[in-house]
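Okay, got some structures for you below.
You will see two complexes here that share subunit A, one where it goes with subunit B and one where it goes with subunit C.
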Partner chain A sequence: MPITSYYLFKRFMQSVIAFLGATFISFVIFRVLPGDPVSLMVGPGVTEQYIAELRAYYRLDQPLISQYIYWLTDLFTLNLGKSFRYGADVATLILERLPATLELVFASLIIASLLGIFTGVVAAVKRRIDTFLQTVSLAGLAIPHFLWALILVVLFAAILRIAPASGRLDLGLVIPRITGFYLIDSIITGNAEAFFSALKHIILPAFSLAIGMMTLIQRTLRSRMIDVLNEDYILTERMKGHSETYILFVRALKNALMPVITIIGIQFVFLLGGSTVVEKIFGWPGIGNLLFTAVQYRDYTLIQGIIMVYAIIAIVVNFLIDILYTYINPRVEFK
Partner chain B sequence: MLGVGAASAVIFGTAGYLLGSRGREIIERTVTQILTVTQATEAKPSRLVIAWPFEIVTLNPYRYSRNIPSESPMAAIFDRFLSQDRDLIQRPGVIESWEWGPEKTSLDLRVRQGIKFHDGTTLTAEDVAFSFQTMKTPPNAYAGVWRVISDIEVKGPYLVRLTLSRYDPSIIPWMAFLDAFVVPKHVWERLGPDEFGKKPVGSGPYKVKSFKPGLLELERFDDYWRGPAPIKEVVFKEVLDPRSRAVEVEAGTSDYTLEVDIDDFERLSKTPGLKGVAQPVTDVAILMIPTYYPETGNINVRLAMHYAIDKEAIVKRILKGYGRVVHTTEAPGYRAYVPDFSFPYDPKKASELLAAAGYSKTNPVRITAATFKGNFPRDYEVMQAIVAMWREVGIEAELEVITLAQHFEMRNTGKMKHVHFYVWSNATGDPINSLGHSQWPDSPFSTWRGLREAKLTDYSGLMEEARQVINPVFFEKDEEKRIAAAKYAAKWVVEKGLVIPLYQAVQLHVMKSDIKYDPWPQGWVLPYYMSR
Partner chain C sequence: MIVTEKSLRRTSLMDFLSSKKISVSLVVITFFVVAGLTAPYIAPHDPTKQSLDKANLPPIWVEGGDPKYLLGTDSLGRDILSRLLHGASVAFYVSITATCIVSSVGTLLGLLAGYIRGKFDELLMRIIDIWMSFPPVILAIAFISVLGTGINNVVLAIAIVDWTRFTRVVRSEVLATREKDFVATAVTAGFSTNYIIWREIFPNILPLIIVLSTLEMGIAVAVEVLLSFVGLGVKPTTPSWGTMLSDGLLTFRTNPYAFVFPLLATVVVVLSLNLLGEGIREKLDPKLEVIGK
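What follows is the complex of A and B.
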């Protein structure tokens, strides 16, 4: 039994503390930072009395701790409040846009994992290619997401014109919302046109987000693979007469993957953060764009809602990674 | 986009050949679908795609404050109470005529007959009254403005009477400004404000075809009272990054965009199939100077700061000509524009004034200047140039980058730096919304507010005089006298060094060559006036 019920309980309690910590810190930081949301909400011509009333309406006249307690109390009734700026329900705003962000992040994760693992293994066993891959990966690590995004958009959208510059789908196409993931929904509804259109739109943003993670996976896996390939059990496998492909991709890779899984877990959260800038460049209608505007206008309720979603995703992903460890390496136990 | 189709055809064609007849059949079908998709995205003259620089989160017209261009999608869906022409003059719109009552504390509004909402119902006085009532109810963004309306009466099917708590000369300009849109009472009450923001019904030239995050698709409303729009379908596609917007029009996936970088604008203007239009808009870049510091409390220092700035050079070299030098807060076309007034660039005079204040190049006055970086075109670069010009005469300024939110907070709490760069919008053209709210001591938006709130010392000693000089702009009932007072006040605040007007901003538009459209000075993008 690699995961005990005590571990699950302990982990749950840790998650609750992490959640409260993350939300409280973000709550305080954004309210302490200079920047008045009410002044950004009102136009010329208003009276100071009206500004004070608005402040009271949004409970901004209350002490910070009371504001946080109000927010938590509302959370129990699944009420994330109204956006300061848009007046719309924060939960609705987030749910409308979250699938777009998650689809982008998952696509990046898949691209980064597949290419990173493949090139990592190749680099470990093919020394000539290794030098080339190390040089390329250095560029991948050195150039940030947003710069990759700009390079890709200019090259493939403006110059070569083989990929769209922005958006999620060609105009005129409609995909009924089932999961909110266009690639999945188009498959479910059997809409090949929409599927290819969605695929065409996601490639550039997903790739620009994936490059950094891909090179990290590649470099980590390469060094781990070199270690593993020198271990005794690999020699035993070779003596048993197994094929080199089997030894590499089944026996060695399984053991070398542990640090990669940790990276994927950590990087997932970074991808979420990185998606904010990539979404802006590619006009991708996700919560990253929403967060960008929310921070600009000090839309506290919206910022808080989005950070809460990020915190939940981070907690859940880390928990899933722990579980994954036990499947990849049954010797790992969580008590 | 045909490139995608062609590339796909080659790839899938080769793969199909290798896979045999069944494989070829599947691949052929897929290629046909891809080509159909790519052809669907090609430009259609009946549709216009606008790469839009602002986020469209809700179409509830009342709920949030915004800058002027970002309200364009709403201006396509809804009608305003009044319209406004290119000379910034308010004209009849849904309100066909208006008449002030005695003492100018009531206003009779005659509603135009025969206007239909998109659902086919008729727009009446009930809808107009309801719209005013909703706008003036908190927490709607501009409720504070409409609070001056103390009573709203429906006096007939097409007549509304507003009673004001006091005379407000800005009420008519406001009826053609920002949130002043008419909504159908029955739809709003049925849906509520949140749902209405997703599925709005207006009486404007376009009705909503679909609205989802990042994309607003509109189609022509054939029963529009001014006549149907020339272009059948209009799409507002959110592309927040300026470089990506440039790529959108360059790649042909959008037909129109605005607010691109100056370099991209110049390049795209020369690209075959595209054209660029630079339109001066009702945004004036100014330096706000709070007087609660001893340095800026000294009139010699304030005026020296102004004399030392070569505005022509800034417009020519930093903004590459895309700007227009101004000498007061009132740009050409504003009602209180003063054409014969100018404030010269005179570094020698600046040095003399600084010497009188006890400063020189070897003993400079040290100040901090706050600026934005990227909120307005080349804002930071403009301030860098100004700081360099000041250094030449003996003003040593440290540049500090702040956000818009910080600017408001500092302004309201008396924590401004010595100088703040800001761009003041006033699409109404009325002096209340430019000179008035930026300079009047009782305005919650002027530099004086922080001074009052934090009970700081006014080292200039000018606050009371400023109040007296600007009061008529807010309270004078004789319009001719009010505008004359505003012109005087506009000059006075500059001569006293309370504000340094820099330049009128220019909005950069890039569009396909076949589009016929003259951008509006207010900064709106109005598809109704576009054709191809």
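What follows is the complex of A and C.
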């Protein structure tokens, strides 16, 4: 398949360019905008010599472009500098908390896809459910993640008290770190109690993030399914005597799924952004929470590192989604 | 020509208001805008004045409510109604100014890139691609961390982040419009590029710009509340729905009203702006589909 591999190569190069662009922006934001990062960091009442030393340490005394090249080479060796606030390596701080963020984001992607696809198919065939879903989906689309988080935390954690309001795990439970994903690690170690505790903790924040994307998937799939179900091959399947469930969820869905994958790709970046505030609301120990602490303490090396990591996650996930798209639909053309 | 345009405009105004989505959301939005504009005159109390002996009062229809405090007070004894009114003015100030900047920049760049194409278009699209690889909320937080908090920096952060999406959608609409026959006719007739962009293409993409601007207003309200909620929006002393939410969340168990009212206000305004956008879209061009909001 030479065309596909050519496409993949081009798509990969595009990701590389996006990556370089993203590194440049995260680098430049903290240097071009008004205010010297060092004086912003240390505040008043520090000796000139200390500031000069810091400037030399962050290579601020050198021309912008060589600063950038130094910074980029450091980036490839995972040397993101030292955090001002924690005194620790920025890369270490981020890697420690990254699995929590990824677990949350992927959990909500799974919830959004499964529920979105299921309700989308149902809406395409059941008129009455469709009318209901069309009405509620406006709220699902319009209300941003953090407002859902606030609504869910108050409703289920404060009033109904059926799910915990913060953290990743009940106090006293320990899960050995294998992948860093609590749900997976607790299964590997066969710790059922920890698994259900982790599940209970992740459900509200993951749902707050999932609702928007779920609605969009449902809406897109619904209209696509209605078209597909009118096509001739569906009639052929029916005449072959296949069950309706098989026709809907296997034969029709496969063809209706394409725009859904595009939607997931477009929306992922918003979900990732939304996860920061959702982490803060639910006290989720990921890099979103770390970002807010870093901003509060004007810890610019840490902020820069975290922003970088978010951009990388977005670029990688979008690349993977495009590959998935080519895999499902080999006719894809590269524009 | 002019006559038909006028009559068209008149019928469409009536037509617009006949849409339930548009009329209902317009009433709600007008209510909040007027409330925000007149807040300094109609607010019964100073929104920042604390009176600890009046702390955590419920609304008047709940037992223990004080008739002087219609919606009750928060944990510091500040009047919730007055804070909501002043919060509305903050929300709409940010939303309207940010939307003006975003839509002017987005329209101008989108028109230029889509009509002139070439190197400028290529470069602009690459920049937008890179810009959009950052989650918007995170980019806004990054800018605020450098610019500092404050209402105008919130406007600036929203504008810096959101111009890309607007530009991109306008550009692709311009690309489709420039292929139409009337543009080719205008080119053949020898009209200047400037004339064609503003007199031929712009009026045709205006519906899209109106829809996008309405949606942008909704996004801007949400972003202001979000940034203020996490302490990166307006100064902590400025009453905003976001600061009310973060204060209210802390005392939710003892005083749910201080949290529920700003939550309701935000949800209702954001929903109405989206409903308005969707209503206008349906009326102006049922084919227009704006994804990736």
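Here is the rule we go by: the second predicted complex is superposed on the first by the 295 of 335 C-alpha atoms of A that agree within 3 Å, B and C clash if a C-alpha of one lies under 4 Å from a C-alpha of the other, contacts with A are read in each partner's own complex, and residues count from 1 in each chain.
The rule is short, and it goes like this: a contact is a pair of C-beta atoms (placed from the backbone, for glycine too) under 8 Å apart; a residue touches a chain by one contact, two chains touch by 3 or more.
The shown structure was predicted, so the numbers you read here are calculated from the model rather than taken from an experiment.
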| item | value |
| --- | --- |
| Partner chain in contact with A:21 - subunit B first, subunit C second, else both or neither | second |
| Partner chain in contact with A:292 - subunit B first, subunit C second, else both or neither | both |
| First (subunit B), second (subunit C), both or neither touched by A:143 | second |
| Touching partner for A:8 - first (subunit B), second (subunit C), both, neither | neither |
| First, second, both or neither for A:307, with subunit B first and subunit C second | second |
| A:270 touches, of subunit B and subunit C: first, second, both or neither? | second |
| In the superposition, subunit B vs subunit C on subunit A residues touched | B |
| Contacts of A:173 with subunit B and subunit C, given as first, second, both or neither | first |
| Partner chain in contact with A:235 - subunit B first, subunit C second, else both or neither | neither |
| Subunit B versus subunit C as contact partner of A:97, first or second or both or neither | first |
| Overlap of the subunit B and subunit C footprints on subunit A, listed as residue numbers | 34-35, 40, 150, 153-154, 158, 280-281, 292, 296, 298 |
| Of subunit C, residues touching subunit A in the complex | 126-127, 129-139, 141-147, 218, 222, 225-226, 229-232, 245, 249, 252-253, 256, 259-260, 263, 266-267, 270-271, 273-275, 278, 291-293 |
| Partner subunit C, residues of subunit A touching it in the complex | 17-18, 21-22, 24-26, 29-30, 33-35, 40, 138-139, 141-144, 146-147, 150-151, 153-154, 158, 216, 263, 266-267, 269-270, 272-274, 276-277, 280-281, 291-292, 294-296, 298, 300, 303, 307, 310-311, 314-315, 318 |
| Touching residues (chain side subunit B, partner subunit A) in the complex | 1, 3-4, 7, 30, 33-34, 36-38, 40-41, 47, 49, 51, 55, 57-58, 60, 63-65, 138-145, 147, 170, 174, 178, 193-194, 197, 210, 212-215, 217, 235, 237-241, 243-244, 246-248, 250-253, 402-406, 408-412, 415, 432-433, 437, 443-445 |
| Interfacial residue positions of subunit A with respect to subunit B in the complex | 34-37, 39-48, 50-51, 53-54, 57-58, 83, 85-89, 92-93, 96-97, 100, 150, 153-154, 157-158, 160-168, 170-174, 192-193, 196-197, 200, 280-286, 289-290, 292-293, 296-298 |
